[in-house]
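Order as written gives the chain letters A, B, C and D; numbering starts at 1 within each chain.
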């Protein structure tokens, strides 16, 4: 019998790792991966509660999240390719035109 | 017949519409001229018919109002388009349409070949329309419509040759000046009208005058009304201080000067004062103001007229001077005499202008009298008629000017005192002098024009016949107003005719002590003698001893220049009023207040916000990860908040 | 210690280690591979929660499809390694990690202090039924039919979008 | 309450036309123009139908006809509630009359993005009609704001060189005032809910409860409303957006702006400020009238020295609208009637002036007065038409301007509220300046010798232009000679409004 907190701790840890990754890394692809990490940590919470509460909805949401994640990955990576094609870099420090 | 009065107004309007809209298509000058003159001619005939119809009625019943339709109605304010037929209005209508018709006919010849021929006749008809409204109106607002309407026509006709130069500026400038100065007067008229409405709750002559007669209204109110109305009159009738537009109005074609700026429109102010005589009679102070202003204008303009060299300018200042006479008459309570003078003046001044036009026509548009001379052998009809007019205006019996002018002088002596008579008589003398200066320099002596290039010739019949008609009127016009000392009690026809109109006013005026017939005859003799002397002196100076005039001007160079430059009034107005207003509007109101302060404040507010925002937006670095840090910090704070609330 | 517990801690340990590897390795390829491992570990964790369907999908979709996409992109554009990653912006990184630790601490505090709320519903044990393929399939085809269709549509749109974006310059 | 749906047609025909326009191919400019004209003509005919069955004998400022009500946001008692009385109707007629003429005038001058232009014009027409017929403050506010957008685009896309500056200034300036009004609307509705028991923006219900508010509250609300309207009027010193907007706007934009949009400000004052806050209106009438009189003189003086024709006409609007405001705040039937008729006059005369300036601008591409001179001989018809319109603006008796100014001045003179002749006397001196600036401009443009060689090649007005001007001049003369047609529409309304306000304030006249 595993206490529910352990699942949540695991999820929290992965989430924070993802956050740190998003902030510190400058390679757009790695930042993207960190985001996937955060998504998965959220998924874990959904599944955990679904299982503990005996409610199937959480798992269905996870299913949808995965689909969205897949879509997002496809589009996001395409954007990264497009940016790379234009600027020949995926270093986020150099992609800073979104300002005044 | 009286019901047809509206036709006298409508016909000129129809003439205007036909000539104005179809004129360029018609092209045929004869057709245009006949339409224009015909409209006025028929109006004259109708007026004449109504006149005789009135004549056939007892004096007390000669008053009719013909209402056409309701014009403005709000609450208690009810203004109809309605025409009033009474002795005064029908007399004026006869003068306007009669002289108007003659001048229309004359214009056919004078304007021959002008590219704006149709336009000219359209404007003239429009003028007659407006003038008839002014005269026949049965309420102040309709009168004001005519009042402004004649101002408009004056504007259009002064600026008729809009591409020509006139003196130092353009005809368009003169036209604008006329309209604007008139407007200043109209402003006064409007205010006077408002006070009338406020006091009497009506703007219809009948109702207002009926209430005036009832009394109970303080004199100060009447003073105010009369003063503001008089401001309107000074604008329209070219009195001090608003006379400045009339000399410039000579920029228009000569028939216009004759019709509008001598015979009819400029007398509108006199007519208005006569029409509201009851109000003036209730405001004796303002009556005195009117008399003084009239007198001052008379002598002031006459003195300027002494030295002018432009034939039309002399006549213009003479007109101003004569108008001053009319106001003097109004001011001293001689309403009948004033209107009488309006009528005779219309005859002889129109005559003088038309004759001057004929001279100008024959002299190839030359207007400087120093370049005339000896014209009587080239244009005999013009010469004779002009002489008739000059004698008439000088007040030599039995020409018409004598009767009306002398009546005025007599009343100013009887009602206002010797000083008024004296100044009036001096003015009469000056008038005789400058008229015969003009006459002598133009028609007598040696020709001073370039005989090779200028070939003076008499004008065609269409122009001379009107001259003859007016000359006859100038001679006999005075006989309807023979003073009672000659014709016996009740022998003054025009006085009898106008008596019903002025009776209320006369009954309000204080009666002065009786004067003997001897006094009257003595004064008359003195003034006639003075005029005759002035005529002789003028002929002597300008025909025999030209050196006197020159040496006089050299002896008093300051005075001469002052007179020649018309007392520098125009310049003073320009310096003191016009250019400061323009400068303040341009430099202070617009470029400073409007652009810098008001709009500057608006734009400053916007730019302040903008500069503040441009500081804030620096936070937007464009580095997405920086935003992420901020977001996480936000999460930290949010969590702490949740923890604290647990 | 039951087998469940052993498996859970084992997979959890894999997930934790690999997640750290994802964000700390210089080479993006290494990060990607670590992420695959992380997803696999998560799939194991899902199994301990009796979420069979999700676990399998996790492996197939995430570890299989998505991560392959990542690797392809990495290969395609060959981003240079973040050479100075460990030297540059040390203080900023430490600060970020500090913030991360604070957030983790807050989350743990909230989890601990909120446990009573989770368990008060009476279900303190994992449910065996909800994670089956049959159950999820049934739900998807009945109550969640509209979202299901919508998500299909979204994927279609995304794939078209990805193609448009990744295409050669569109003039 | 009798309901009628005719106002809905009036409102939505232009919108439907605008939407239908979407399916037209952009290249077919003439089809678009004809369709736009057709739609606006249909709207005009509908408004004539409304006029035909309108009963002008109804006494009261809160009696509306052709009412239609449909609950919109029922929780807040906000409804789509429209209706007309004389005041609304006369302005609606002005709107529907000017719009087709304006569209006709753009036949040649607008060549780019014709479809978009026509679309915006039709949407604008709907917005303007909506403002005039709304009987719900919230609905009014929606139209009031909605109408800014098409105008913003009309100035911003088809305008002159500094069009962006002008359009943004126009938008933000007007928006600023409107937002205060929105606050005031909500505030008023909240206050009113304490006596009605529920929140409502229904104008007729607010008419009943609002005058009972205390003077201090009324003052705040009055100024919030009045500020918004005063900007629109525009009342001195809030007028500076107007010259910029007019100068940069295309001719059609200027015409609509001057002809109708400015009237919304004065309409708002009459419809909302006065009856909703009678005590405050009377309390501050002196100050507002003072600003109005300053505006009359100031606008005229500044207009006098302008070098750009459009700017001159724009400043003359400031002067004319000053008259209107003075008439409104005189609180006499004469002043009110004069103000209403003067709104129409200004729409016709100034609209015509802008059209005329636009006509000549199309030919010479300059609006500087100094670039012209002596063209009366070249374009006689044009100069004659210009003269008539200028005279109407000057206020020559017999033409429309006189009726309005005369009534306003006479109203201000006998005003029981202003009780000082100086307002009217000073304002009356504005008639002098009106003559000065317009005639001076006229003289500089038309009189004298022809100034430049290229001016000799000017062509006179074509048939379309002449048609537009003749139509306008017919009304200019009509109002001048027989204003009863128009005065009687609002006769009862004006007396009722004035009497009610005066009786609320305990002022007895006569």
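Operating definition for what follows: a contact is a pair of C-beta atoms (placed from the backbone, for glycine too) under 8 Å apart; a residue touches a chain by one contact, two chains touch by 3 or more.
Worth saying up front: this structure is predicted, and the values here are computed from it rather than measured.
Most remote from chain A, judged by the distance between CA-atom centroids, is B. Compared on C-beta pairs in contact, A-C and B-D come out with A-C as the pair having more.
Centroids built from CA atoms put chain C at 6 Å from chain A.
Per-chain CA centroids place chain B at a distance of 37 Å from chain D. Centroids built from CA atoms put chain D at 64 Å from chain C. Separating the CA-averaged centres of chain A and chain B is a span of 93 Å. Chain B has residues 629, 632 in contact with two or more other chains.
Chain contacts: chain A has residues 19, 23-24, 26 touching two or more partner chains.
In chain C, the positions touching at least two other chains are 96, 103, 107.
In the complex of the two chains, the chain C residues touching chain B come out as 96, 99, 102-103, 106-107, 109-110, 113. Those residues of chain A that touch chain B in the shared complex are 19, 22-24, 26, 31, 92-93, 95-100. The touching residues of chain D, counted against chain B in their complex, run 169, 172-173, 237, 239-241, 298, 301-302, 304-306, 332-334, 337-338, 374, 376-377, 380, 391, 396-398, 402-403, 406-407, 409-410, 413-414, 421, 424-425, 428-429, 431-432, 435-436, 439-440, 443, 446-450, 481-484, 487, 491, 494-495. Across the complex, chain D is touched by residues 24, 69-75, 77, 141, 144-145, 147-149, 152, 155, 159, 162-163, 170-173, 175-176, 179-180, 183-184, 186-187, 190-191, 194-195, 197-198, 581-582, 584-586, 589-590, 594, 598-599, 602, 606 of chain B. Of all residues in chain C, only 2, 4-5, 8, 12, 15-16, 19-20, 22-23, 28, 31-32, 35, 38-39, 42, 45-46, 48-51, 53-54, 57-58, 61-62, 65-66, 69-70, 73-74, 76-77, 79, 82, 85, 89, 92-93, 96-97, 100-101, 103-104, 107-108, 111-112, 115, 118-119, 121, 123-127, 129-131, 135-136, 139-140, 144, 147, 151, 154-155, 157-159, 161-166, 169 touch chain A in the complex they form.
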